[in-house]
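You will see chain A twice below: alongside chain B first, and alongside chain C after that.
Let's turn to the complex of A and B:
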């Protein structure tokens, strides 16, 4: 469906006509002097920022975005936005937008043409296909990620593609896979309207998912009662709204979950019927796998026996009384309980384990599969679910939850893509940390990745331990860094080749949010200068590779991988002049849809998303030809794929429709404070800025409200260190250091011995300090805890 | 219209001042302590009254609070009528524009706020207040719980932090939607701007509103009775038959 077709037949089109009439007053005065702003047209788009997936109404006049409103028809946000969402339109207009391709010559980035840029990339691939990798993003649109995945998996066939989402939700994925056999939450945001109790596991939604948080706490304004329990390592804005604030030691969440289960068993308050009908028990193996090893319920209980509330108090710092309080809530059948988590549980060297355990708490207590009863992970990026988890832009993945390592999956993909048998490589590529390590290691020492093409992300700021993962590559002449972006980020400044990209409503797009909701928008304004769609860039490189004779760029009939026809004739979409002759998003999406049946993640045709404010998959066609979304998976009352029982885990690991309740022991993190490095460092975000701040730091209102990163320090520690509010300290780990001002009793309040630093500020790179240790299964690094020391910055002249 | 309006304005102001005087007279001064059969005996123990008496006779320290209230009010000089001028309107809109990225964006906060904790804002902004020349506008939308979700401070929240140069941004938001249209001269103007998140007109147009956009008839409570909103701007576009 093209935009103009849509406008012709839609209510929006009718409204525009009507509005034109309405502006004419009877006396003709309004006609003579039309109201300012009368020429604004409105259209829907999901917000560009977090994984909540609010819809905004974008007001456009004179070819520019001039206003934003919350979209009242959107079920997610019901007309409300957060401060980032209200200012999202300004993200397009930072003065230093990249507008022309740039190539580093003699150390300086200099303008080149698009043709030259595309040819340089294609020639890097041709020179060493095995050493070429794509590093993508949960901010890729679904069609962009799909095109990148197809280029790498079906074309170059080296599986070297991984996304920044590896840093953000990989442990949530492994948790869902190991528990239910299939990724993504069973519940949805509707649970937040129904839950009596909401448990926040290391989560600060008042700042990170503000609209969802308001959806919860605004229930109180309507006279409803909802109990909020904050389990975290510091007091945050969220804590102020919570009835219970349980401050734990970093890594203490494992023990807390085990303690809750222990009490549920001890008191016999677990849901015996639910467990008997729907659950199996599991323990891990060495090395760990997603499937683990069978375990009897009795053995599982025995393993739990040592986790008494008193022991858990010692391990976690949360009192035995509070562990019993949590267990007693979970033990009640008359309450609805929803758990929420995001980076606290995911950026964790035992990320898979803690995800498994929280699912386990819900399964054991039967707080699952009813509206308000759900374990739900939240995502930080607008399409971490849509583009990464569903399109499978991961080193081991294929679209629709298929895996490159499985021969039958490769065959399915080859059939859909019309590839010759055996085209898809069965060996997974390198995960993010590994990919960058190899890129930063000389060829002679095994650094077999020599070119990385980064799209829609800023790894030189967001990767952990950038001293080791990024910096060395910048001194090695063999290594070539290509970056597609919209602003001169840290990564762009280090790049060898820079491609200027179109941003958000400067292109067509689709995102998938945290509750399985797939969303669509149309291009509304032109990108600046020569900036072009990321998706076009990928297709142009694929076509150039075909011209240079790369065998992978054709299907088995000799047609281009991204062959597109209109009225029986091929459209040269690799030529930017013709890119919008067809709706490439629609073509790619409708092809991708075919993959979504294998794991019951069915998507509707593109045209359905044009009409909707997003639809939650599985979206299943009804007898009357309409499409129905699914709010609650695995539950008979809502999920059409449930065929027996009230709950059916139809992708069960154990193939018996049951979910797995795991046992994972409590463990210490890899690095704990000691005499030399006595403080815990936790990193994260603030409400004003989104991730590395490349967009929000260019928005005057957001910048003014939070212009600089800082270090949150407890008053007692500040006293001991002899530093006052605003004084600059050096924070130092075994890997690196940075300098920044302290903020005492500021936005967040860590307990003594802990400090917090947000990572949005490119002038203060806290990821020179963080640790690249990661979860053994999800490969997601732990940004939430490492050991640092802090000292006051000596006055100038002294050392 | 001119004459009719000034009469309306006059009545409006008289009523407003009446109401204000009425409330400010609640605490009477010592020499106004009511005496006589309705008042309590000075220093003595009050005699218990029947509920029937209580209905008919006021008693207690404020028993005389209504006495002569209207008389006192009418002795006050009449208030200046509200005069809407184009200059004042533009000045008001200009001031508004300085606090938001575009008309419809949540205004930024010109004063310090606590960085933690909910609902601190409503102590002033729930009803609005004017103290000297400083106005705390009434919130224009229903009270939500997490105010800092949308409203951020205009300046670095960290005490004494050095000023960092603002980023350059070429966004030109819609500063104002202009004036509403009138079907004929003297007809009530339509609402020119979207009303999402600002259903309470009194926030900007009420008694604490800036000169130039303040209503001339604050006693009227149902604004949309006369002033029509724009369906398209309010995301309720009329659907015409194809």
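Let's turn to the complex of A and C:
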């Protein structure tokens, strides 16, 4: 059979199974794997892009990825993919892959050897261990993040590691911690199949999590009824599918949540039994903490009293009638309600507060703990949950939800890592904005971070206010920027040392998606040139540090921190020739999973993930030796750790198995439009491009579909400014400016006085304009609101 | 040559099938209720993308979901 016929047959088979599955739902369908043949071998991997965590089948022929198919066996996507997912294979084959280490000499990046590169990094650490930081990513694989965390926390022992996920989901973490005492959603995607009502809080899943959204919309085409409610600051592609579109003022979400709770109390429609059995009440302290201050239910009700629907209408811009409509839905016990959110609620200077309040709405109304009844945050990156939240690659974290500041947690970690007592530093490192501020501040003025090693992320495009957080460091000879990446991104172009990395199926890997699902894949093709695994790079630096005499690189028995044996002999995994002599991922993962018991985030042995399309934690061993995943945490019918009652919050902040319902007042954002800067600016993503576009802008089809960033502008504002579609405007804030064409009545439609710009385009850096103000607890910056002015770009020659 | 596997969600099967019959790049499979599996074969990936978008605009078609894409240069 010719390969073309084979691929056509294979495509038709996959489409037929997907069609049957979509029509009939999950039941009664045979699971099909793509047929082997015509020189194409298939293997599973999660998609490299968003936190939905779809599985693909990757077709490889002649050492190259040649085909991508949605994985029929994957529960997440049931064989479907979005436009990014089905082009994911092409992300490997951009023409400008980095293939050799590069060092900046006299202003130019010049090739050097790997040995030289590794030695340069190790010497930077040796010269000033306290000033060395690692800036990582929710795109790190789980073993990569674990190795980086171990290098920094067990080895260098300065805790200077933080990830880009700080920018996208840190407020969701603090919201879960302050409400339930433990991170990550209780529910899972199965809720989307069961909910009668889905409330989207500042969320645009039609573009950001398209396969999840099609899973919801699909229920309608099967004749099921599901009400979609869109609460946001602009109309998006999602809005068109929603029965209710509630356009709010920026920060209006706080008032809306308070208004819903007010009406539930006023009408007595809250779930009295659920509240009496499972909830306590809390208010914030100054400075804010995750524990807050105790509050009686009566005092909590008094605090809510002022948030009448009429007052909320003034604060939020959403009508009192719609606030009552939302409250009436939450007041009904016969409906199942799921809330979804992502950056809209997290990139918020009151991010922890709004996360707390949305959990509070669900707890107060008892819409919790049954399939379809859940408050669920989504993540933007494929392993923001797996690598950042679970592995703890944050400046204050240790693996498995442990904290560096807690002595008993440090002791547990030291025992697992076989470290001498007291090795782990109890002082948290700097969070992302602080780390980069210090890197961009001269040493003499307190800038105590002098080297940052960036892996798998592009901060020179994605950090807010890059004029202040990144640019000054590039003019300071004391500061040294190391970047591991696959393409010459904006950050690579500014780097002092560049390391070429392997990407996705060019290496073994594991991700953890938004629904607590841990996924595994094997290396399928070789990386180009001298590109190498990020995990190997970290281990090679650790070994070089040991050779140079760094005391932290050995455990208490004098063995290398990443000591690996096979058949009783040490395998030199720091030497790339031997890196794949053993499965390093498997070794690191099986060590890491020892941490996951403490907070009941149990992971199964690596071998179980090889067999599965991901498993949702806690994954608990059964009497017969099999491993069972958990779909619904804290609920007796599914969670093996619930020992009393139908619902048990077994990591409760108040240590009485109850969750916390918080009161947080509505507050204005730190910067609001005024006479000088009269517009709101919101930034975000588009369906074609993934985050800073470093991969998707190199995929010709995606580049062609969306080649350039733009500014969405309301028709009335365009008229007042005298600009037409496609004309270039200058958007300016108090921090910086950029130029870009306007799009009127485009894909997204902001209300008058508000504009939107996506951040995927490295030629139009909107983060020169954004604000680095952040939530006081989560330290997550607010990319969704700052004040700007807009003017038409003068014609050449005019000022 | 680019080969894509798609699932079309139909509003009206007869109208959609009539519209699809005009395009030799599209091969239809057996409909599963209102879901029609199809395979498209185009000269370039860009054309595949355009075709996919135009299918979504055809009378009788509600959505197009993409299931697979093969971009094997050796079959081009």
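The rule is short, and it goes like this: the second predicted complex is superposed on the first by the 762 of 799 C-alpha atoms of A that agree within 3 Å, B and C clash if a C-alpha of one lies under 4 Å from a C-alpha of the other, contacts with A are read in each partner's own complex, and residues count from 1 in each chain.
Here, contacts are C-beta pairs under 8 Å (C-beta built on N, C-alpha and C of every residue); 3 or more make two chains touch, one makes a residue touch a chain.
Computed from a predicted structure; not experimentally measured.
Enquirer: Looking at A:698 after the superposition, I want to know if it touches chain B, chain C, both of them or none. Which is it: first, second, both, neither?
Expert: In the superposition, A:698 contacts chain B only.
Enquirer: If you count the residues of chain A that each partner touches, which comes out higher, chain B or chain C?
Expert: Comparing touch counts on chain A for chain B and chain C gives B.
Enquirer: A:426 contacts which: chain B (first), chain C (second), both, neither?
Expert: It touches nothing on chain B or chain C.
Enquirer: Looking at A:59 after the superposition, I want to know if it touches chain B, chain C, both of them or none. Which is it: first, second, both, neither?
Expert: In the superposition, A:59 touches chain B and chain C alike.
Enquirer: Under the stated touch criterion, which partner chain does A:90 make contact with: chain B (first), chain C (second), both, or neither?
Expert: A:90: touches chain B and chain C.
Enquirer: Using the touch definition from the top, say if A:241 reaches chain B (first), chain C (second), both or neither.
Expert: After superposing on A, A:241 lies in contact with chain B but is clear of chain C.
Enquirer: Looking at the overlay, what does A:752 touch: chain B (first), chain C (second), both, or neither?
Expert: neither
Enquirer: Touch test for A:81: chain B only (first), chain C only (second), both, or neither?
Expert: both
Enquirer: Report, in rising order, the residues of chain A that make contact with chain B in one complex and with chain C in the other.
Expert: Overlap of chain B and chain C footprints on chain A: residues 11-12, 14-16, 18-19, 22-23, 40, 59, 61, 66-70, 79-83, 86-87, 89-90, 214, 217-218, 221, 700-701, 704-705.
Enquirer: Quick check on the complex: what are the chain B residues that touch chain A?
Expert: Chain B residues touching chain A: 100-106, 108, 115-118, 142-146, 148-161, 164, 166-185, 192-194, 196-197, 230-233, 235, 237-240, 242.
Enquirer: Taking the complex as given, what residues does chain C use to touch chain A?
Expert: 1, 3-7, 9, 27, 29-39, 41, 45-46, 48-49, 62-63, 65-75
Enquirer: So in the complex, which bits of chain A are touching chain B?
Expert: 9, 11-12, 14-19, 22-23, 25-27, 29-30, 34-38, 40, 42, 57, 59, 61, 64-73, 79-83, 86-87, 89-90, 92-96, 206, 210-211, 213-214, 217-218, 220-221, 235-237, 239-241, 687-688, 697-708, 710, 725-726, 741, 743, 746-749
Enquirer: Of all residues in chain A, which touch chain C in the complex?
Expert: 2-4, 7-8, 10-12, 14-16, 18-20, 22-24, 40, 59, 61-62, 66-70, 79-83, 85-87, 89-90, 214, 217-218, 221, 700-701, 704-705
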